[in-house]
Structure formats: structure tokens, C-alpha cells
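The structure under discussion is supplied below as C-alpha cells; questions concerning it will follow.
Per-chain residue numbering starts at 1, and chain names A, B, C, D, E and F are given in the order in which the chains are listed.
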Amino acid sequence: MLGKEKNIHTFIGCDSGYGQAGIVLFGAPFDGTTSFRPGTRFASAAMRAESFGLETFSPYLNRDLEDIAAFDAGDLDFPFGNSARVLDAIESAAATILGDGKIPCMIGGEHLVTLGAVRAAAAKYSDLHIIHFDAHADLRDDYIGEKLSHATVMRRCWELVGDGRIHQFGIRSGERSEFDWGARHVSTRRFDFEGLGSTVKALKGRPVYFTLDLDVLDPSIFPGTGTPEAGGVTFKELLSAVQALEGLDIVGFDVNELSPQYDLSGASTATACKILRELLLIVSARSSA
Amino acid sequence: MLGKEKNIHTFIGCDSGYGQAGIVLFGAPFDGTTSFRPGTRFASAAMRAESFGLETFSPYLNRDLEDIAAFDAGDLDFPFGNSARVLDAIESAAATILGDGKIPCMIGGEHLVTLGAVRAAAAKYSDLHIIHFDAHADLRDDYIGEKLSHATVMRRCWELVGDGRIHQFGIRSGERSEFDWGARHVSTRRFDFEGLGSTVKALKGRPVYFTLDLDVLDPSIFPGTGTPEAGGVTFKELLSAVQALEGLDIVGFDVNELSPQYDLSGASTATACKILRELLLIVSARSSA
Amino acid sequence: MLGKEKNIHTFIGCDSGYGQAGIVLFGAPFDGTTSFRPGTRFASAAMRAESFGLETFSPYLNRDLEDIAAFDAGDLDFPFGNSARVLDAIESAAATILGDGKIPCMIGGEHLVTLGAVRAAAAKYSDLHIIHFDAHADLRDDYIGEKLSHATVMRRCWELVGDGRIHQFGIRSGERSEFDWGARHVSTRRFDFEGLGSTVKALKGRPVYFTLDLDVLDPSIFPGTGTPEAGGVTFKELLSAVQALEGLDIVGFDVNELSPQYDLSGASTATACKILRELLLIVSARSSA
Amino acid sequence: MLGKEKNIHTFIGCDSGYGQAGIVLFGAPFDGTTSFRPGTRFASAAMRAESFGLETFSPYLNRDLEDIAAFDAGDLDFPFGNSARVLDAIESAAATILGDGKIPCMIGGEHLVTLGAVRAAAAKYSDLHIIHFDAHADLRDDYIGEKLSHATVMRRCWELVGDGRIHQFGIRSGERSEFDWGARHVSTRRFDFEGLGSTVKALKGRPVYFTLDLDVLDPSIFPGTGTPEAGGVTFKELLSAVQALEGLDIVGFDVNELSPQYDLSGASTATACKILRELLLIVSARSSA
Amino acid sequence: MLGKEKNIHTFIGCDSGYGQAGIVLFGAPFDGTTSFRPGTRFASAAMRAESFGLETFSPYLNRDLEDIAAFDAGDLDFPFGNSARVLDAIESAAATILGDGKIPCMIGGEHLVTLGAVRAAAAKYSDLHIIHFDAHADLRDDYIGEKLSHATVMRRCWELVGDGRIHQFGIRSGERSEFDWGARHVSTRRFDFEGLGSTVKALKGRPVYFTLDLDVLDPSIFPGTGTPEAGGVTFKELLSAVQALEGLDIVGFDVNELSPQYDLSGASTATACKILRELLLIVSARSSA
Amino acid sequence: MLGKEKNIHTFIGCDSGYGQAGIVLFGAPFDGTTSFRPGTRFASAAMRAESFGLETFSPYLNRDLEDIAAFDAGDLDFPFGNSARVLDAIESAAATILGDGKIPCMIGGEHLVTLGAVRAAAAKYSDLHIIHFDAHADLRDDYIGEKLSHATVMRRCWELVGDGRIHQFGIRSGERSEFDWGARHVSTRRFDFEGLGSTVKALKGRPVYFTLDLDVLDPSIFPGTGTPEAGGVTFKELLSAVQALEGLDIVGFDVNELSPQYDLSGASTATACKILRELLLIVSARSSA
């Protein structure tokens, strides 16, 4: 259940009260379907703790988190071992936030958590589009027989929003069959962000859910993830891509797949925090506009 | 599905063919309900690889793995995110082995995997007893609403075998209510192995399933586990306790809760391997008797 | 400044309000004079996070943290680089707690933090005694010219309480001159806890400050510290020694010198948490008596 | 001795039988002359285990390992401490594979292992050329008096193939004397791959051995190596360079100098696996042409 | 006190005697004001040990450390917990070196150590300029009330050299107020090295102190630092920038903020060593001209 | 070649000049035959650096390193990949020390290094005995065909000293054939130090070489070694056993098999340092008697 009381330990600069907040953060510390190396359950706690190595001010945007109103609701409590109930809990939290006219910002967890938030967003916005940055296509129909999996999450989202509504960028891994299926149902840009500008232009004014699988970044800058995949985008490329989203009507968003313990240097966590700071500043610009 | 073809990479000395083997090892790399720190899924692979730092000869028992017949079937494939199906797969593998007149030896995984093997053993042996070494009582009825959990596994086993059939040793952690419930339904020795001798004597001739949660060991010698709990038994105490099982009719057994990545020194994995070598020598002495 | 508002992230079971609490925890994340390997600043945060791997129930004492009233005030904010101001902040926090008729429980930090709390306790109790468990004597007069240092802390405490008031146990490291000086001014038991029973008997009814440098433990169970020193006491020995304190009039206490990052397994942090749980149960038994 | 029986644990997608295979992989887990930080002996085992985080399909080449025939023979057994005997074992394995009309693909180990394979290739192909990607020139005549060393390996290869037959790219470290000697006997491109295209064109139709010291990569993406040297090529640059080899008559190849334990994130191992997948697809395209 | 006797363990190639040396290295292992993650105290020792993985020859410059005269004086001894006395010790060492007509090269430590060296340089050169590469502006007036802090160091330097004398490059983090203050008093280039060429041209012939906070590098190549900040410069960009300094009259310089233990791969330390080798070759070219 | 000039970085308290010294330390950083996990080459450097976390005073013996005369000659330089030449270098260094009437104290390295020192000692003392503490018997005749190996070292030593001259304690691992062979040629005490007292008594007045494979310690206190083997002795048991050697005529000794990088906590290195301090105090008591 979503907490609405004020927390002591928040992501840096997200110390507004729930009522005033335009954006509501919450953690979804779930990695129950991770097939390779688990650990994304630790991401939200690590990001809160390490965010104090960041400044609230962005020298890129010349804006400051102190000027926006965001509330950090802490982490949801999950019954490990039951993916369906976990997704219900996420959907419920996101629906509460959306119902209160605010924007949910979820810190995963593995990528499956996105399905819970997208369910809530799709329930509110019938014409929802999804922008998806990722190394992996995540378009399988099942994974060893399971329909609910990090590897199937965009397929499940497609069942909710339909053909032509999912816009993937940076994809550099998948089964041949995923790329084949994807070619008929979603829009997939391999390796980089080419075409993002025209996608953004086309989606202006429509409700957009943005899901950022941080492993779209190259493992040189983001080794702290379960399935590092070389050949990813640089931090500066991702930063530009995120800045390109400004002006979109983002109704919900998430960052996911940080596994902080695989990067003892803390650089992956710090990078996730920095991207989240920029996202908060960009999305709130819109929400307060 | 259990593989019966010969493997190249086995636990040291377990290179018999399936047909000749009296004991059949298999890995159950599942940690899907782990509530704190996951990673036991890596235990069986780590133990196979690191077992080659061991000798096959035990200077404690003056016996050698080269003189026994054990087959290593490799790891089961699991659908992460669905505990019920995982348990079905384990039950099926254990039932196959038991049906072939052999003794299953399972390498966990988290402790929940024991339930699958106990189901198969209880189906074959109506009067099954369970000897359980552990730091934790594992007697809750549910964990955040889930019936299938590492924290409930012995409660689920009790539903299969009934009052007075579960014999716990070394327990040093649990909720007050677990200890209260346990006092009425199972036999629980706190902190050490006192009374094991008389339990063994009383169970002579009856079918026994032995489950060893390695965190019964003190974290000084076994830090590589998800929930280290100080005050455990020493390696020598555990070795003596395991030797005390000799002569029992052990129809199945498992070692579980090694999380190798939390102990970069490899000492936890090496310790798990050494205990497993001793167990194989002790159980096979019986099975070949 | 000590926070009195309720916190979301507390040490397990310490969720009382400030007003009701008999014991008030606070973190003193300072390691500024650490001469060898820093990192104790991370101890209090790690202990809060990892305490949820513990149960609130102690099977040793058959008591439960849920039955006592403790408040976790979070961490003090420190100006790194200025030991004198740090000690002032600690003294002020401890004085506030003592002034409100409560017992301060400080989580260090390096051992120097003890001086701040002892100053407050000595100001309130003119006949204060100190019981000190440690690997190191900490009796130097200065360390490379500095009077305020982890290596001088008990010498500074002695200046406050005087001859015969400091009772050291478990000491196994120091300069020859420290042992020589100590023989004239304090009571030092090398290597173990022999004589603790008679010390406790002699101190019954007098105000006692208890400081636990966790490196008194053997590094086998407590490697997560800046200066591991082999030959320490076992966890069970420390547990017994802590239980032996029951009945004393402990007016303040601390645990210090955990450096969680040096023990990636988490066992050191878990061990510190477990000892703190026992201490809370023992001290609160007295405070509520 | 090279094993020809089918293995259970193979590099992903290399599950052909020996007879059908066009390419035969084997591991050469040797690091006995490593002067700085050992550990490349663990590379082949790590790559097999971690390769299952990869897909068999390459979205770069639109080809799939499932469409080629490669056999993974496992690792050779080595007598540590005797470099000469180790090289003999490698030469023998490579000669067997070459004698059976197949292409050897060796996973090092330190770079000295290349000498064994080049001996076998040079014995079969009198006009052998070598393409060598590396951070280090490896052209010393001896290293502290030893002729057989990772630091002398290309000098020893030169003794087999002669002037003008070794083509180095990416070199950014060496003694002054190595560069001086190299200028007279081999072709050395410093820092990058400029000129690779014309080299490939010139070598069309001739037998080429390709040796890839993975530390040619920048340590940002490949920190898991014994001697990280900043200023290396990016993954994308290496990928392009590898793709540029397509069409060459590669008669043998190796990847070496991964030390997986120095990169706990696993990113270095994953990167090595990905490059090997691309190499297998490129070389097999030729071998099956 | 600065040691002038010859040391056995030196940074590679810095084995000149004190008298002959044009450049004198010393370590300043201080991290006492580090607010986030300490550990820079280990940098100089790690760099000396790991420098032997480097060659003395630079293939970039075609120069060799064997051709220059540098002396490594070892590390200064510091009283931890007293920033003022630490700075005095550094100032004294740097003044000795400057007084002997040599160039001090300091290996930090946290960035505050720069203040000690700048004090000595400013005392000798009244018209001193400072070139400052960093991720962080370090321009606060105080940090939690402390004037002496890694976060205030350039503000303190400004008090010594005055307006327009500090030239910052690569800055990508700071409070809004730091950037505002900086705009009036120092020259700050955000994110990269644009304009460095014209700065160098303008400073020709004037005494320059060069301070290199290594976290100006992207954490992909330099994760071993206390506060990793994504979006930094690449190694090649830094190498070019350092080469651009050639010809300046550098009267003192330092490299700081390496925390080797946060990068277990050793790549950060190796990178620091390589940059220092290039700096020594560039600065000594000038000093011997 | 052994250096006789004074070093700056020594093991703590070993700062005598060569001429005055009764004991001469040197490092033998060789791990070239290590079959499992290399890394002992880093032991001597780590021990020197970490020894400064120790005091020079032993509260066990009430003696101080400051009162003895020991010289630390630094590390020998080795040609990796050639075990025979490495042993020659060790033998030569030990012979020099013995020839100067001093006692060699070697810090390994893997256990094979002992052979070099024993050769020198056996050449000087025809009736040499060896006391050997170890987890492993090290009595094989060859290891994968190699005569020079860590696993054969005591067999090679036996060839020098003959039957009944090697006295092993603490052995808990070996092949059956090693124990069988050993029963006829050496004295082997399994698991502990029982009988050490009478052995010491019997050897009084005879020349004794003492070799301490630190893995005789339990991995709980000494995980930093290549082949951790549970069931070892405690630190206190080893300390007592070492104290029991007092009065023997120890003509040379070594400590070996520390692999510091496998124990990130540093506790293994600290433990090795502490045992070495005690050994130095005990052996020097004899040498100065």
C-alpha cells in the first residue's frame, strides 16, 4: 500500500508533502523473475542513500530540484515468489497516484514492474503510447512457460496498448523471433536513438508512459545490472535523449534494472541518480506548465 | 526434467553413470522467495566448480568418493517467478530418483526447495521423519500472505508428515510465535545439537529425510548466505553431527542456502563442498550396506 | 541537532515515539581520526538497513523488542575535518537525552565518539564508571600530536572520571607504554572477560557507561572493522559477557568501530545488529524495572 | 589431450558434435608467466557460464549461432609451472583440429598461449600471416631472462613466420626498444585500427591467424584484465574491426587476457562473450562458404 | 617532514636522487574532510605499487621517464582529525621543494590538500595562476560550517590568488550558488575543455599551478573515486588537454581524488598512473628546457 | 639477488641494518605452480603495508619488536614461468643469509618456495629437521607430471633430509596415497597439534627449519588463501603451538600461502602479520640467547 506520510530518507530533493507534489516516487524492489543475476531489489534503497552525493542543481538544465515538488513514498512491500500479486500492488499504487492527478515515478526493480504501472496508466488513458529505452527487446510471449517475466514485459504491455504504440530505442539484444514479431507490431530502433526526435514530435499532446531500462547504457558506465550488454549508448547520448523528451505529456515513468551490488564503485548507482534527477526536472517542467 | 546422461562437469567424484549410482545429485537453483538477499541460485554451479579444490579422500572417515557410486544430474531448469511450478519440477525429479531405488541429494537453492523433495519422499514413505539443521525455525504459516516461502517451508513439511516427525537442531532465530507453535508440533533444539544422539537412536530403521540449511553454521565459517546469523555451530560441531547420522536410513537429503557471491574468498563454498563430501560418504555407506 | 520526530527507517523494533521511549538511539557517523582504514561512518546506516534480516525476538532471553520502548533518532550531522565540533554535537545530543531522563544508545563511528557521550554522562553522574570491551587499550596521551583520537579516547575519558573508574576487558593490542600507564590508572583484563562478574557485582547501584568496541570480537566473526586483530573473543563469549551486565544501572552505552564495507558478506553488520538487539533488551529491562 | 566427446556445459550455441563442427573451441587456462596480476586461467570457465546471458542471435549481423556448427571441447589440462609443456599441449590440440580440417578457436589464458596455436598453424601453412589486436606490443626478446613469456609472444611468433607477416593494431604500450625493433620487422599501428582495411585487402586468399588480446579494449569496458591500460578502443570500434575481417581466410584464432575476477560486475566477461559470438559468426561464414 | 633519502619503492621511473631531481613527488594521504566516501588516503601507495604495470616509455610523446630526473619522497605523515595541521605539513613540504628550485608534484589525497601546495606556490610567485580540471566546482564558502573542506578548496585558493586567476575546466556539478559566485570571480568551463588552448596561450610565461581532480574523467574509466559523476571527459580528451599544457611554466602540480579501493579492477589506479607519467614527461620537458 | 641496503618500507619493526640483524626477512612472491587460485605473490607486499595496523609490542609475550634486530631485504625478483630458476634464486638468497650467520625468514609465495630455503639450510646443517604446520600433506611425488609443485614440496624436502625428519601437524587434506606414503616416511599429526610438545622436546639442540603454511588455520580466521579447507585450527591454537617452539634452534623459517586479495577485509593479512610478529620475537629470543 502506498504510504502518504512524509519520509525522512528520500531521494535527494524529493521532500515535498504528498498533497503538494506533482510527481510521486515509489520503489518497486522486485526481482523475482530475473533469470540471470538478481539484485534489482536493492536499487531504490541504494539510490536514496547515494543520491546525497549528487547536487540538487542541474548545470545541464540550469534548474534545481529545490524548485519542484516531488514526494518520495518509499518502497512498496512485496510478497516474494508471487509475480501476479506484486504486479497488483504496483498497479494499485500507480492508480492511486494517477487518481490524485499526480505523475507516478517508479524505481524498479526488474523490468517486469513496468507492467503494473502501465496497467494503471492504460486504464486512465485509452490512447497511451509507450517510449521504451532498453538494450533488450523484451518481446517474448513467454519465458520457460511463464507469461509474466522481465523478458516478456513489453509483449504484455503491447496487449494493453496495441500495435504501433510502443516505441523502442537502443535495442541490441533479443532472439531472432522477437525482432521478427516486433517488426510487425512495435517500432524498434536498434543500437541508438535515431528517429527519437520525430517520434517525440508525433506524440506531442498524447499521453506517454516512459520506461527506461538503464541497461540501454553501455556497461562501461553502467556495469551494475544483471545482464550487461556491450555496445550501449553513452551517458551523454542518453542525457540528450532524455532532454529530447521535454514537452511530451509524460503521465508516468520509471527507471529500472539497476543492480547496485554488481558495481562496488557506486558509479552505476550515481549514474542512475543523475539520470533520475534530470528526468524529474524535465517531467516536472511539463507537469507544472 | 531430470537429465540421466553423463555430465562432464560434476561435483568431484560423482562421475558414476545414472544406472550404477546409489545416490543421484541434482541442483535446484531457485531463490525466488528469498526475502532478504538473493543468490542461492548460484550455489550448485559454484560447488561443482570449486569442488576440485577438495580431495576425494576424507581423512576423517578414511573413505574415498572414488569408492562410491554417485551420479550428478546437473541442474533443473526453472521458470523464475512461479514457486508452485518450481516445486513441481523438484518433486518430479526426486520422485524419479526414488522410483528408481536411488537416494536423491539436492543442492539448493533457498530452503523452500526442500518441500519439493519432501513431497516425493513422503509420497513413497508414509512414516517419514525429517531431521532439520538450521539457524531459522522456518515455521511460519505464511510470509506476507504467501504460503510457499523459505520462511514457511518446515510448516508446509509438517502438513505432510504430522506432529512429532520434524526434529530441528541449532535453531537460533525465529518469531516468538514460531517457537510457540513449534513447541506443540515439532521438536526444536535451540543453538546446538544436544539430543541428536538419542534422536538418531530413536529413528533407527525408519525412513529419514535430512535437510541441512548451511546457515546453521556460524557466519565466521559460512558468511556466504543470505541471512547470516551469529552464534552458530562450528564446522567441527557440524561435522560431528553429520557423522552422528551414520546408520540412519536416509532416503533423501539436501544442502541449501549457500549464496556463494557473498563470500568472495570462496571459503563458504569450499565448506559446503566438504560437508557434502562427508554426507555422500556417510549416506552411501548406508545405501551400499 | 537531535531529531525527535518519528523516523520511517529505524533500527528494527525501535519505532516508539521519543516521548514514550526509555532508550534513544542515534548514529554518530564519524571516522575523522581513523589512522588506518576509514569507514565506520557507514555503520549506523548499514545497521538500520540490515537489521531487518534479524527477528525482534531473542531466543536467548525470551524477550522481544516489540515489548520495549526505544526511539531511533537517526544520525547526527557532522562537519568532517573538525573533531572538536563533532564531539560537541555528540555531547549535546547525549545531554538532551539524559536530560529527558532517557538512556542514550549511540551507534559509532570510530571510538572517539564515545568521548562526547561520556562527557554528557559524567556531567550528570559525578561517580560514573565505565565498562569498556575492546581489542585495543586506547590509552595513549596523543597520536601524532593529536589529543583527540580513536587511540586516545579512554585516556580522555579517564581525565573525566579518574583513577579506578575504567574497567577494560578483552584488550589484546597496545603500545608497551599504554599497558604500563594503564596498570596505574585503570583496570585492564587482557584477552578475555575473566573478572567481569566481580566487577559487575562491585558496580551494582552505581551509574555505569558501557562502551563496546566491536573489534573485541575475533575478526573471524567480525572482519568488518578498520583494524582487525586476531585472537579476539567469540560471539558466544561476548553474548555471555553482555548478559552478565544485566542488573547494572547502565545510564548510557554505545557500539562502535563497525566498518561495514570491509565485510561484503554482511556478517559483521548482522552480528553488530544482533548484539545491539540483546543490549537493548538487557538495558531496557533495567530501565523499565 | 583434446576431448572430442560432447560436453554439457559449452559456450552458448556451440553444441555441435566434433565431427560436424567447422570450428572447434577449446580453453587454454594458463597464466603461468603473467608478471603482474594473474587470473586469466579462469576466463574460459567464466565465459562458458556467463555466455547464457547472451542471445545466440546477433542483431549486428542478422545471423544466429544456431545456424553454424561449432564444437566446444572444454579446457585443456595443464601442468602449472612448466611453460614449455603447456605450449606443447596447446600445439598438439591445435594440430589435431587443423589436421581434421577444422578451425581452432582458443580461449586464453594469458597471451603466451597463442604461441602454441601459431606453431600448429605455421606448421600447416608455410605462408601464414598474423593479425594481432592488442594494447601491448609483446615484442621483447626475453623477460627477466625467460624466452617464453606473455611479453615475448609476438617475438617468438615472428621467429616462426618472419618479417612483414605480423600486423599489429591498437598498440599503446611497450618499451622503447620494442617499438624500435618492431619498426624493422613487423607492422605496428599505434592506438587504433587505421589501415586495417588495406591490410585485409592485401591478405585476401592467404592463410591468416587472428589473435585478439582483449586488453586492446579500453579498460572502461574491459577492466577485467591483468594490466589495464587506458586509452584503448571502444567496443564499437573493435566490433567494426572484427567485422572488417570478414572474407579473410582465417585458419585459427584466439581471444585472450580476460581475467574475470577483476571485474565483479561481469561486464568484461559478457563483453568477451559477445565479441566471441561475433567472431564465430564471421569466421564460420567463411568456413562454410 | 619531507624525506630526502632515496626510497626503494617509488613511482615507476622516479628514482633520481633529490639533488639531481627537477621534479619532486610526494604523497599527501589525507581524506579527513571527505563528506561522502573516504579512501583517497590510499591513493599514493596504490599508485606506487601499480605503476609497475606501466612502461616508462610513452608512445604518445615518444619520451621515456628514464630520461628525466624525478625524485619520489614518499608520503607525508599526517595527524588525522586536524585539517589545519595537515595543510601546514603540506605547505612546508612544498615550500622546501620550491625553495630548492624544484617542482613539487603532489599525489592526493582529497582535493583539500591542494590548498597547502598552493599556499607555498603563491608565497613564492605573487602572480600565480591556477588551472583546475574537475567535475566539481569546489567553490563553497563553507561546508556545514567548516572553512577547510574538499568542497571549499578553490574558494580558499581564490582568497590567495584573487579574481580571474583560477581557470576551471570540465565542471559538471555544484550548487547553483557556486556557479553564481564563480561567474563573478573565476573562469569556469562546464563539461569539457573548450577554450583551454586560448587560456594556455594567455598564460604563457606566467607561473601556473595545475591541479587535476581525476574525477573530471568519466566514471566509466575512473570509477575509483569518492563521488563518481557521470558525463565526464574521456581519457583521450584528458590526455589531449594535458598535452595542451606543454610549454606552460608549471611551478607545481597535483593529481588527487583517486580512491583505489572503490575500483577493484585496478583500472582507475592504472589510469591515474598513466596520466601522471604523461604529466611528468610534459612538465619536465619544460623544467629542463 | 638479495638486497642488503636499508629499505624504507619494511615489515613493522624490522628496520635494523643488515649487518646488525640476527634475522633477515625477504619476500618470495611466487605462485607459478598454484593449481587452483593464484595470488600468493601479493602476500609479502600486503603484509608490509598492513603490518602498520599492528603494534610492535606483544601483550602475549611482553616483548617488543623494537628490542630485536631484524632486517627486511624486500622481495626477490623472479622470472615467472620457470620454477627451477625461482628456486635457485631463493636458495641463493637463503644461503647468503645463512652464510652470514643469520636466520632467514621468508614470506611466501606458494608453498613450493620452501624448497629453495630448505636446500640452503640442508646444505649447511646435515642433520636438519623440519617442523611443518599445514592443512595439506604436500607429499605427492608429482602433480600432473611436474616434480616441482606446491603439492609435492614436502616430498622434495624429504629427498633432502630423509626419513623421520619431517614433522607435520594439522594436516586435514590429501590423497589417500599421500597419507599412505607419509605413514612410512614422515610423522603426520592430523587435524591438530597433539604431540608437538614431545616433538619439540626431542628436537632440542638440533637444527630445525620451521615452515608455516597459514592455511593450517581455519578459513574462518584465514579465508585469504587459495584453497580454504574447513576444520582448521583456531588462531589461539596456532599461537600456542608457535609459542611451544620457543627454545628450539630454529635456523630458518617461513610463512606462506597468504593470498591477500581473497579476503577484502584484510583480516587474513593482519592475522599473518600478527603470527609473524610472534614468530620473530620467539625465534630472535633464541638467536640472541
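The criterion applied here is as follows: contacts are C-beta pairs under 8 Å (C-beta built on N, C-alpha and C of every residue); 3 or more make two chains touch, one makes a residue touch a chain.
Predicted model, so just to flag it, every value in this text is computed and none were measured.
The minimal number of chain-to-chain contact steps leading from subunit D to subunit E is 1.
Identification of common neighbours of subunit C and subunit F yields B, E. Two copies of one chain, subunit A and subunit D, touch each other, and the residues they use overlap weakly: the shared fraction of interface numbers falls below half.
Averaging Cα atoms per chain gives one point for each, and the point farthest from that of subunit C is the centre of D. Separating the CA-averaged centres of subunit C and subunit D is a span of 56 Å. Separating the CA-averaged centres of subunit E and subunit F is a span of 42 Å.
Rounded to whole angstrom, the centroid-to-centroid distance between subunit B and subunit C, based on C-alpha atoms, equals 39 Å.
Within subunit F, residues 218, 220-221, 263-264 each touch two or more of the remaining chains.
Annotation, chain-chain contacts: A-B, A-C, A-D, A-E, B-C, B-D, B-F, C-E, C-F, D-E, D-F, E-F (touch as defined at the top).
Against subunit A, the residues of subunit D that register as touching in their complex are 52-57, 59-60, 64, 218, 220-221, 235-236, 239, 263-267, 270-271, 274-275.
Across the interface of their complex, subunit A is touched by residues 36-37, 171-176, 179, 190-191, 218-221, 223-224, 226-231, 262-264 of subunit E.
The touching residues of subunit C, counted against subunit E in their complex, run 31-35, 38-39, 41, 77-83, 85, 112, 143-146, 148-149.
Interface residues of subunit D, counted against subunit B in their complex, comprise 3, 5, 7-9, 45, 49, 74, 264.
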